[in-house]
Each structure stands twice: as C-alpha cells, then as structure tokens.
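One structure is given here, and the rest of the page talks about it.
Chain naming follows the written order as A, B, C and D, and within any one chain the residues start at number 1.
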Amino acid sequence: MSQRKQIQIGTVVGQSEVAANTFIISIREPQLVRQVKPGHFVNVSLPSRTNANLLKRPFSIYGTDKEAIQILYKVKGDVTTVMTTLQKGDEVELLGPLGNTFTLPKKKKVLLVGGGIGVAPLIYLYDRLKAHNEVKILHGVRTRQEAMVWANLPVQTHVDEEVGHYVCAGFEKVIRQHEAQHVVTCGPIPMMKEIVEASARAGVSCEVSLEARMACGFGVCLGCVIETKSGYKKVCSDGPVFDGALLW
Amino acid sequence: MVKTTVQLGPLTLQNPIVTASGTFGYGVEFADYLDINKLGAITLKSVTLNPREGNAPPRIAETPSGMMNSIGLANHGIDVLMDSILPKLEAFDRVKVIANIAGHSLEENVELAKRLDQVDRVDAIELNISCPNVDAGGLAFCQDLPMVSRLTKAVRKVTLKPLIVKLSASVPDIVALAKTAVESGADILSLINTIPGMDVDIAKKALFFKRGSAGLSGPAIRPIALKAVYDVAQSVDIPIIGMGGVASVEDVVKFLLVGADAVSVGMMNFVRPSLSGELVDQLSAYLVASGETLSTLKLKA
Amino acid sequence: MVKTTVQLGPLTLQNPIVTASGTFGYGVEFADYLDINKLGAITLKSVTLNPREGNAPPRIAETPSGMMNSIGLANHGIDVLMDSILPKLEAFDRVKVIANIAGHSLEENVELAKRLDQVDRVDAIELNISCPNVDAGGLAFCQDLPMVSRLTKAVRKVTLKPLIVKLSASVPDIVALAKTAVESGADILSLINTIPGMDVDIAKKALFFKRGSAGLSGPAIRPIALKAVYDVAQSVDIPIIGMGGVASVEDVVKFLLVGADAVSVGMMNFVRPSLSGELVDQLSAYLVASGETLSTLKLKA
Amino acid sequence: MSQRKQIQIGTVVGQSEVAANTFIISIREPQLVRQVKPGHFVNVSLPSRTNANLLKRPFSIYGTDKEAIQILYKVKGDVTTVMTTLQKGDEVELLGPLGNTFTLPKKKKVLLVGGGIGVAPLIYLYDRLKAHNEVKILHGVRTRQEAMVWANLPVQTHVDEEVGHYVCAGFEKVIRQHEAQHVVTCGPIPMMKEIVEASARAGVSCEVSLEARMACGFGVCLGCVIETKSGYKKVCSDGPVFDGALLW
C-alpha cells in the first residue's frame, strides 16, 4: 500500500512577539516544508492544550526555512491566545498543505497589498517572486503598535488610525504609480474589494486570498463557502486564492 | 484476529465503524488519511434530486466541545452523484456504501430511492428525515408521525435495498418515532442527527446563523445521543447505527453497550480525518484486550 | 456607574446576574469567594416538604465541556430551610432570594409555597417542574400541560410573592409549555433545567448512573439553551431568566440578546466559585465599553 | 470589607516521576502552605491546558515546604495525563485547603496503611505525627514498578501481584504485632474495609480518607456523597477523613 498522508505532528522551535498581539511561531515539520507553496495554509490544533476547541485553526504559511514553517498570527480568541503560551519543544498538530496557491508570474512588476495580519501569506509569496519579478509590498495597519519591522523587505507601511482599517482610496493611482502589472491582496474584505475593483479599472490582474470559518479545511464539510459571481465556492479547496474578478 | 463482522438486518458490515452523512464527503476525499476500504460503511452526504446551493454563510460555528452547522444540504444532485461520484467508489470493494437521501417531499424521496435502487455500488439507502437546517422536509418530517409512516412506506415500496431511517432526538417522543419507522418498513435505524441550537453574534447584535438555528453535534451532545440510542434500543428490535460525538474507542464501546449495532463517526472526522480508520483497529484491540466479542458487549442485566 | 437594575415583573433585581438552583447551595457557602450581596439574586437549592436523602451515588459525571448530575433533590426539608438557613441570609440585604420548590405532587408544592409565602427573606418562589432526576414529579410535570396549568394555578393562589416557573427544554414543545405557565399565572419564566442524558461505565458494562439517565448541564448545552430562550421570548410577554452553560460575560450578553431579562449561572459556580460576582462587574464594564444599556441589548430587527 | 478567600493561582516549581505513572509535583502557593493540615485536599485545574474538562480535580496534600505544596499523583485519565506535561513556571489553579483533617494523637503508636496512591496523604500526616508519636507506614502496591523509594521514612512496602490490590488478610495480627493504638488508612475500598473491621476487632481507633467524584469540593453540589451508617455524607466537607466505625 502506498504511503498515505497523515496528520503531522510538528515541534515548536521558537516563537516571538513582533507587534502588538502579533507573533511569529516556527514549527519544525520537514515533510511539510518540502510540500508548501505560496498561498497554502495549514490547519492547526494544539494537543494537550485547548481540548474544548475541537476545530483546527487555519493559518497561512508566512515563511519556511530548511526544516520548519513559520506562521505569523494575531491573537483573536481561544486558540490563538493559548498558542502564545507554546514553548520550544511543544507539539502542534498540523494538517496540510491545504488549499490552492498563488499564481507565480515571471518578469512582472507585482504589487502585494496586505491589510493587518493579511500580510502573512504575501511575505512568503514575495520570497518566491523576488528572483524573477520586481515586487513591492504595501502593508496597512490600524495603529502604530501593529506596525512591524521588516528587515530587508521592500515594505511600505501605512498607518490608518482614523478609518478603522486600511482602505486604499484611490488605489488606481497607486497601481499606475508603481506601474504594477499584477496585484495580490489579503486583508479585510472592504479593502480587498476596493483593490480588486481598482485593478479591474486599471486593467491589471488581481488575486486575493480569503478567509472563512472552517470545519474540515479540505473540502468535505461545505462549511466555508463564500458567494462568488458563479455561486458558492469553498474557501478551503476552491481557494483560499481567488481571481478577484470572480468575486467583485 | 477477532471477529468484527456485524449483521444489520439485510446489511453485512465487515466491522461496526461507519462514517456519518455530511461529515465524510463521498469517502474518496479521505483516501489520503486512511484506507477507507477497511471501514464498515461510509455514508454519503445527503443527496437531493436537483443540485442545492445550500444555506447562506456563515455555516459553521464552534461551540464548547462541539460545533454547529447550517450547511442546508448543499449537494450536486442525484445525477452528478450517480454519474461522477459513485463510480469512483467502485475501487473500494469491502466498505459498504450508504446513500443518504433528503428530499423535501415524499415524491422527491421516492424518486431518489428509485434511482439509487438501480446502482450496484449503493449497499443501503438512508432516509434522512431529521435535518434541522432546511425549511421544507428535514426535521419537520420527524415531528409528524403519520408523515414518517407514509414516507417510509413509500420509499420501502420502491427499493429492495436495506432501508435505514435516520432519526432526530429533538422530537416529542423518539421512541414513538422509532416505532413508527419500524412498523412502516425500516430495516435499520440511525440516530441521532444534529440537535437544533443557536449562537449569537454579539458585535452585530444578531443571531449568528442566517436561519437562526443550526445543528449542534460533537462530543458535547454525546450524553444525549447515548440516552436516545438506549431508549430506542429498549423498545425496537431492529439494528441501530448509533452516533453523536464519537471521538474514541471508549465512545464506540459505550454506544455498542447501550444497544447500537454499529457506530457512526461525525464531526470528529473533521478534527482527525484518520479517526474512523483508527477506530477500526482500536476496537479490535479493545475486544482482544478485554476478552469481549461484539455479541457480549451488552449491558449487564 | 451604569444602570443595571432590572425589573422582572414584580421582582426588582439590582442587576441581572442570578445563580441557579442546586449550584449555589444556600449562598452563604460562597461568601468566602465573593460578596453575594452584590448579585442580582440567588436561587436556593430545591426544597421539599420532608428531608430527602437524594439518589444513590455516583451522582456526578464529567462530560466534554459539561457535567451530568443525578442528585435527586437531596435537601433538608422546608423546616430546616426556614428555621436554620433563611435566617442566615438576613445579613444580606441587597441580593434577592429565590426559593425553589420541587414537591412531588400538586399538594406538596402548594404546601411549600404557603409556608414560604410567610417568610420575608424569600423574595420570589421558583416552581421547579423540570428536574430530570426524580421518579415522581419533576420533568414528568413539564411533559403534561394540563398538570402544569393546575400546578401553576394552585401555587399562584397561595402566594402573592413573584412566581417563577422553571422549564425544561426536553419537552415536546417548549413554547406551548411556556404559554401554559404564563396563562396559569407565572410572573416570570426560568429556563432551561438540565437535559436528560446518559453515561456508561465500560468496565462494569452498566449505565453509569443508577437511575440510568441524569441531567446534563454546562457550556456543552449552551447552544440548546440559547435557542430555547429565544423561542420562548418570541412567544411570551413575561420576563425570562435564561440559563444553560453561562461561563463568561459574553455568554451573559448572548442570553440577554436572545430575550432573557436576567441570566443565571449554574455548573460554572463549581468550576469558578467567584464567577457570578465577577460577571456583575464584567457586565457593567461591558455596557460601558460598548455604549449599550440593558434595554438596548436586543437583537437588531 | 474583609479579605475574602480567592481561587489561588500557584506556580509549578518542579515535577518528577517517582514510580510507574506516578509523579510528585511541587506548586508554589505560600498562602496555602500556611493553611494546610494533614488530611486536607486541594481542588486543582489547569488553566490554558484542558478546557473541556471543566471540573476541578481533588488531590491530597502529600507534603509542604516553605512556600510550596507537593502532590503525589497517579496518571488516571484526562487531567492527570496533561498534568504530567506541566513545567516549571506553568500556572495551576488551586482551591483549598478543602475538607476536614486527620486527628493528631500524641504519644501513641500509630500505624498508617496506604494502598497504592492512597499513601499520599499519609506521608504528610506522618510528617506531623512523628515528633510526638511512634509511627510506622505500610505501603501496599500491586506491582514492583509502582513501589517507591522512601528516603528516611519508616515505610514497609508490600508488593501484591496476585490479588490485584493490597488486601490485608489477617490485619488484626499486624495491629497487635505493632502494638498499634491508632490506625489510619487510605486506599482501595476493600482494603480499607478490611482494616477498619480488623481495627474494631482489635479495639483500636481507625480513621480512613475516602475518595469520591466531586463537582464543587466545598459542600454545595451534594455530588460526592457516600453511604455511612448514619446516611449519606459528603466526602468533600464531612470528610474526606471519616471515623472508620461510621462506615463499616
């Protein structure tokens, strides 16, 4: 019988707080490292911690090194709160890689736009695009405390205290200014909608990465659907990456 | 090797581990996580005559030790099931396939049963009269005993395949319901379906689910499910597939002890996709270690 | 300071946080853990005319995110309550005291209400017709609407104190039950009581509880309780004390949003004895932070 | 307003495996240390670990030092399994001290008889009795792997592979042999019953420490009752220490 995919047990290698309530956790799981591509997510649970929260939690891949994956996460509720207490050596249950992946263009000017924690998958995407493309990253955050320090990355951070989330008013201008040929965005829905519509007006392709509440993460529960122009689609297996034009 | 074969009336399973409708897709999606051919049976997602989009999102909420869903029987319809999905299951020759039908009317269920009766790969038909997430049919059927009777008899008439009727515990009297299904021709009963519950979105000051209520499942409801199976097993003579919060081999044994003949795994398939396969092995190991057999696993008098 | 007073028909509470019968003793046992005088009300353990030993052990089982109990209304009887326990509560002048009566017959309940009607320290009487752990009375009352009507009317006749009728969700139709209680003279409804469930002792191959079934409570049942409160609130006009799995201020807000006027804390008193007091403060803080008042905490239309 | 008793948050100071599936955990909580007496138990829960197991778990005090209490525990199920993963610095929720206490005789020959993990409260009792009494400890275990090494303690260990638990057949003889004037026992019910009855025949007092499933631990849920000669008694607040003569 052939080797079957298993639930992986990863081991925490390290964790640090990088902004207000925002952490990077590094989890050793060599097999997963070999399989992941930008856009993929993993479904995480914490054995021996929160056993009343049964459902796994989806997180994008933020980065990889030789043997470990990194997740950039923000504390939201039960599981992410407990996640911050994980220490080196603790075990984490991982299901993945899950979902589809970002398009990987070549020789293009690419603009990546992350809102808040939505920047996570874009950093990993940047890593795989930078060799063959000219890539810029815009990161919108609500407050100064949420801003992150980006070493060696072409990130422009926008702090938008007033509006409540990073809305790219006049984003068409931004596209033209950067002469972008391809846009990728992940963040709050209103922001992504704005960017998809601006990209359409500017005539450039735009991919988005969506979130939804999930039970299974691999397409069987039908719980994570979002409405698209061609009916409900499953974020976990039809996405999380969608062509913006399909959505708005 | 300990003997694990179970006879559910006309249906023979190689072991009593089943997967519950709506929580195991069409089986093949789980092939990466376990050898589905080692399971007793898999139950397919409920099917309707026409494709159904299902309910508007959100469809999922987590609850303490459980979850709620408001999927609303989303599915591709009977044609796609028969033409594209069931053929994929031909490759698995040992696991039994239970097709679950959830028409919104008597006529729709009869039509579905007729169509499925023609398919060799379908080993049994489960009549879902207990889905809490639809406006027509579903749980409303379960609450109307004369309707249960007509429905079961009508479906019974059009198929020779083993007929399972799936019950809800959220009814005035589950024993009366069970007896009605038995008298009307069910070969097997399965229970319980999800329990209607609610969640609230505090920020929006609104009910969390668009339809208000949704179906609660998982370990949280296990005590309620055990009691339902016990109560029904005390009063009917046909085999029972028990379910509700099964998460471990101990849970499987508990359901068998209160009177289930087979045990179905539901939401925990999402939490641990390999679980049902592991339970097959663990149940064998349990029987060996405890010196029990499936037929001695009965409550002491 | 935000205004937290709530008016439950004839009963005024300084805030909507109540403790549930059977989970808070007689209040005084919790005085080490919180200032019980800051609570809206405490509900005393159910009382019967004669002392009751209660059910044979085991009486407690843990379940995922909940527990089951089969206490069986063990209590010292009305004399001890009136002579030795209620006087101890005189010291607490701001918290309201709800006496919960659980006679096994109409006559017993009438007698209990008559006696308690004489006691100043009793601010309201809760008629428990929904205990799943006794053979006579209890949940059986709840399942018999004409009985509910007679019982409520009879108790109503012998006391002028605010009358609360405590309902179970494990009935054929909780809305019909609620309406019956209202029409028969209840001032306030409280819901839900524990849900009948079962556990199994695998080693002994026996039901875990001697009586077979026991009452399930705690966060596990919260979705079911929220739905019950919502359904009842949609159909009756009297105040509701909502309960079932309350563990946090968010849960309190959820119950208020679906239509409860006050919210009762049950099994979580065991897990965190100081919880009810903390919820009083946290609810005030929540109202301030969100800019809501108790009267704006309604579902948006 | 006067100071009220609170749920205490203790901090794990250390933990070690002392026999098969048997651990000693040391938890720093100075206020508790000042209050506990032999026989007392504490009700424990593990915040940030098992949140589907809501009920606290009762454990006897096994010992104390200046600032910490020690618990000797055996892995039985959900919570004790997770308890073994606690590390130095982890927090533990403690309610206590709960229950009544052992009688503390003076100038007597005392025999303490522990079955399996039931030895835990007896070691603490020994510690408080030894200055003013002549004390011996008998410890019955099922298998050699369960036997513990007792440094500087007058413990006689009996290994009883066959019977399944340590039954003191002919315990009356043991009492006479030790010239015991007071017996205290904690362990499996059949063992304790045997010892209580033998003590009665030998005409010496005998105290037992009982276990029961508990919800609250402080007398309000009425969940932990056991049958005695004078009706149901609550193990948590009428006990856990009972006069043996009340039971059998």
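FYI, contacts are C-beta pairs under 8 Å (C-beta built on N, C-alpha and C of every residue); 3 or more make two chains touch, one makes a residue touch a chain.
Please read all numbers here as calculations on a predicted model, not as lab measurements.
The chains in contact with subunit B and with subunit D alike are A, C. Ranking all chains by how far their C-alpha centres lie from the centre of subunit C, first place goes to A. Put simply, the C-alpha centre of subunit A and that of subunit C have 46 angstrom between them.
Rounded to whole angstrom units, the spacing between the C-alpha centres of subunit A and subunit B is 35.
Centre-to-centre, using mean CA coordinates, subunit A is 52 Å away from subunit D.
In subunit D, the positions touching at least two other chains are 51-53. In subunit B, 64-66, 218-219 are the positions where the chain touches two or more neighbouring chains simultaneously.
If the chains shown are joined wherever they touch, the resulting network links each chain directly to all the rest.
Put simply, subunit A touches subunit C in their complex at residues 52. Note for the complex: subunit D touches subunit A at residues 48-53, 78, 82, 85, 87. Contacts from subunit C toward subunit B in the complex involve residues 63-66, 68, 171-173, 195-200, 202, 204-207, 212-214, 216, 218-224, 226-227, 230, 245, 250, 253-254, 257-258, 297-300.
Every residue of subunit B that touches subunit A in the complex is listed here, in rising order: 22-25, 29-35, 45, 53-54, 56-62, 64-67, 69, 71, 74, 218-219, 267-274. The touching residues of subunit C, counted against subunit A in their complex, run 64-65, 219.
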